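Both complexes shown next keep chain A, but they swap its partner, so chain B is in the first and chain C is in the second.
The block that comes next holds the complex of A and B.
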């Protein structure tokens, strides 16, 4: 770094310090608020949780050091693995379908169409709706006794389904909510990427006699690879940390079938089993960091070929 | 890490040169059909929510898909407001948006400016630390942060809602990209004119990045307005609760208080509250569509 001293004379140690820093204290002052807030409410709680994860503590008295016991307990614990499994199932239900759908819809919306901006706005509205508000609507629409969905199905002779009250249906119903809420966002990302594809690529393909289907799979999808990987990464991290959806819709039930990896942490604060909860947080963090690293690696690998 | 992904911040949603005049062909009919089905799927729950909020309570359960405009009234809204102090929730959320949003919008661009345009020892190291903090999954901090609030006696206070997560690293990262694009010559000229670094920031940088600031403001607004997880933990008293959490109380309260159809008869109140909570966002979205889409796109980078 080349440092340009603004004040030419450097006499005392204070001046020399300032020169060494680059001529001014101002930039440190500008960035200080972020670091203060982060140290106080980010780094400190994290370090504290790390320490706590090696203890047994129920919210009162002195935490008792128990080494790695919380971690070994969790790794042999069905509740922990079940929460990871639930998140994995939700991932399968949400991410692939949503990504594919977003690419299709975005490629439709990138062509001249009547009402194009109407569709674009409509698709984005769910993304703005507060999750809690729409979750209440879901609870009522999908109520097994009086919900509109079962009433509608009843009209064509289908028995009432326990959408949010049976282990088999709770995950798909929750996945549908996530799909409803976030698809517009996925479409927006893909649309922005498609509009960055130069038009002459398509024109050249058309000259070579490519049909719409070929253009889609030979040009659009490969050129969107970066955006697709990007979206898959955010969506995956989102699903892993999913917390509010189970909180409002099912409280993790029925029979823990919607107890996601993120929401499982909340259970420990309720039971005041804070040492185990902290250890679970760190296991989750390790999973998140490894997954992001692997996905980023795959993504940059994609760029090279 | 996830940040190396470059997405265009300026989402060129505006139609490009490829648009001339739409022609309707057979293949297009399939396209329109698909888009229409999807649009109905997206709009149905919202339309149902708003229409149901005006319906007589018992009809919502007995005839969920029947709407008779002549029976519409504001009864559900009145009952709901008598049940939960929703206005208090609005007020609390509004205060948090003012404080947390204000702090964030003041300090994040300032830090971004220092990182983008000033030279100082340790700059790159400090910026890399800032980027690394983005890798921490927020959910991991919840338990220790909650304990910290308890130790500080901050449960049920605005400090607890405002300070943790204020001046997010992500917002600084976002603004740094924008400020870095400003030509150095402009800064140099200001310095020669005798501006100090803050004056340069205030008089040169801020006016140039104003559109990006507007998008940032929308993003921050959305994040705070919709924040749900943290207030459920940090706030226990209903008088201090934010709007979103208050919404979730209402359904639980109604369902716990009454069983069977009695609970379902009060659903109109839930729909009234959900409609009220959604309305401000819809209004802001319709008025500020362009900034909104920019803000959401900017938020997309948040890996």
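The block that comes next holds the complex of A and C.
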């Protein structure tokens, strides 16, 4: 088989196919491994899960087709909406502040600074520490009776707070863990983006009399919008899929107040309620696609500006 | 051992053997029948055991199994128990045998081999409760590993200092009265442990229900939590909280350990495996704890119940179920195997002190040294005598693992004073019916 373009006339179906493909099979052979792997491990599981979402199946026997019942069940289900609400609150608590803080710190770290390397490493360390280890630290710090935080607050006369045992505080406490752990990653992305901004832009702004505040909001932030969009999308996905944090910290409690969308999905699949779990995952996917599309639209809108 | 030439035990051989029902009835086990037929079991089995000490203990006992069955190669693998269900559903790399917690067996019972016939010779030798929870639709699906009787762990030193005799704590009301007395003398105390993790709340409530011969579902699979037995439990929780004697904490978590070591928690109604926390995690109070039977809910009521427990299952999709059965038959249904798995070994020089076997003939062998964590109390004799009181009328629903999201969450609401005991049960029943039993 020739992998080179040919000028031969299309005498047979194979030749006609080759001509239709642009005269050569080679490019298609080169990209074929990706598509084979994607079809086997990406598309097929997705299609299978989609099919499952219309069935009642606990992993044994023949799945029973039940139409849209799983979707209607979930859309009318308090447990499902509670998990979405919890994830939305966590998003509000984590993503905006974390993104702004990451831009600010990255901006600081991109300047000549004493111990700059030390700070860069220090901010990244929490991201590299296993979540389970951090969760244990959190449990010790935020224990309502023996934790260091309440001990410190007690020293200034503040009553003990049930950080992980009350509905009001469990979400913020878990958000703080995610915030602390993942901020290093956000800073890393912003730092890389800031370092790509040409210095002469800042020099020109300085010549025009711009101060540091103006440079930050008129140059740095606008030129980071692609990175900001990227990080916000990644962080949004992370919050919606968040599973390990509630699993190790609260098991979704108290009273399901930290039951995130990802953890709720896990609870269905753990119980081998696979049809409902599959439907839940597709509803989440729809939410993620909509949110991502909105953010991408905002980004492209800025580009047009 | 047979001197016959080695011959592989095929499925056909197995069927032949099983067909010899009358002859088999004279023999105590499948293994004996195989050997009597001169068929030497040969092959390789893949056995999954929970990563950690269980894997190590069983691994150390495999040489003893191979002395009896030298031609069965055991490919022993450590695994996370959550891996079993997806493996069985996918049907790929299915092990020949695997460990599973009893409460999760119902979820995968359809994937498991019916081993009723093989188990029949041993049923009378097993703790009744374990046979019940391994039975689904009349079919035995698991070989019991351990039984975990619940008991009242208490601080002997604190009770003595405060003039409280443990023998006077007969009922749960007595327990609260004793806790109130302790609280009055020591205001910093919250003497009774009150579990706060949703999953463990469900396990704990299930145990307290089992003690009253009740369970989440009845024999017909109907939800049975709106009953007097469950209301007793919720009222006990509320009464302890209202009396300000309940310590809200989570088993093995830092706050719970501190509460034990700092003389805040005095009573811990829990399964025998609380001794893990006493032995391995407590520093100050290790050796000061003792065990007594649980308080009773009514006169002549059971003084114990089961909390947790595990078994081994043989997946229907495994390659060598017969050989896997021989493995478990030896390990869990002979005193020799039980001794190797539970008794003193490299991993536990004093024997396992957190569970006891479910195979009653092994009760005559004192498999654990009296634990120092309990001041040298004879835990093995205490537990093996108590275990026969566990009510066996117990059924795990297939959706047990998701109960934490409803019953567990509502008990948390009760603990927070948001709802009443009656509301816990009515609300949980409604949510379970609409979410888990639809």
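Assume the second predicted complex is superposed on the first by the 253 of 305 C-alpha atoms of A that agree within 3 Å, B and C clash if a C-alpha of one lies under 4 Å from a C-alpha of the other, contacts with A are read in each partner's own complex, and residues count from 1 in each chain.
Note that a residue touches a chain if its C-beta (ideal position, glycine included) is under 8 Å from a C-beta of that chain, and two chains touch if they have at least 3 such contacts.
Not measured: the values here are computed from a predicted model.
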item: Touching partner for A:72 - first (chain B), second (chain C), both, neither; value: neither
item: Chain B versus chain C, judged by how many residues of chain A each one touches; value: B
item: Which of chain B and chain C A:24 touches, first, second, both or neither; value: first
item: Partner chain in contact with A:254 - chain B first, chain C second, else both or neither; value: second
item: Contacts of A:143 with chain B and chain C, given as first, second, both or neither; value: both
item: Partner chain(s) touched by A:214 [first = chain B, second = chain C, both, neither]; value: neither
item: First (chain B), second (chain C), both or neither touched by A:274; value: both
item: Partner chain(s) touched by A:166 [first = chain B, second = chain C, both, neither]; value: second
item: Touching both chain B and chain C, residues of chain A; value: 136, 139-140, 143, 145-147, 268, 274
item: In the complex with chain A, residue positions of chain B that touch it; value: 1-2, 4-5, 7-8, 11-13, 15-24, 27-28, 31-32, 34-35, 38-39, 41-43, 45-46, 48-49, 52, 60-62, 64-65, 103, 107-108, 110-111, 113-115, 118-121, 123-124, 126, 130, 133, 135-148, 163-167, 169, 172, 196-198, 222, 225-226, 228-229, 232-233, 243-245, 247-248, 250-251, 260-261, 264, 267, 270-271, 273-275, 277-278, 281-282, 285, 289, 292-293, 296-297, 300, 302-303
item: Touch list for chain C against partner chain A, complex; value: 82, 85, 88-89, 107-108, 110-111, 196-199, 248-249, 253-255, 258-259, 262, 264, 398-399, 401-402, 404-405, 408-410, 412-413, 416, 418, 431, 434-436, 438
item: Touching residues (chain side chain A, partner chain C) in the complex; value: 58-61, 73, 77, 79, 136, 139-140, 143-147, 165-167, 251-256, 259, 264, 267-268, 270-274
item: Of all residues in chain A, those that touch chain B in their complex; value: 1-4, 20-24, 26-28, 30-31, 33-35, 37-38, 40-42, 44-46, 48-49, 52, 104-105, 108-109, 111-114, 116, 118-141, 143, 145-148, 151-152, 180, 183-185, 188-189, 191-193, 195-196, 199, 212, 226-227, 230, 233-234, 237, 240-241, 243-244, 247-248, 262, 265-266, 268-269, 274, 277-278, 281-282, 284-285, 288-289, 292-293, 296, 299
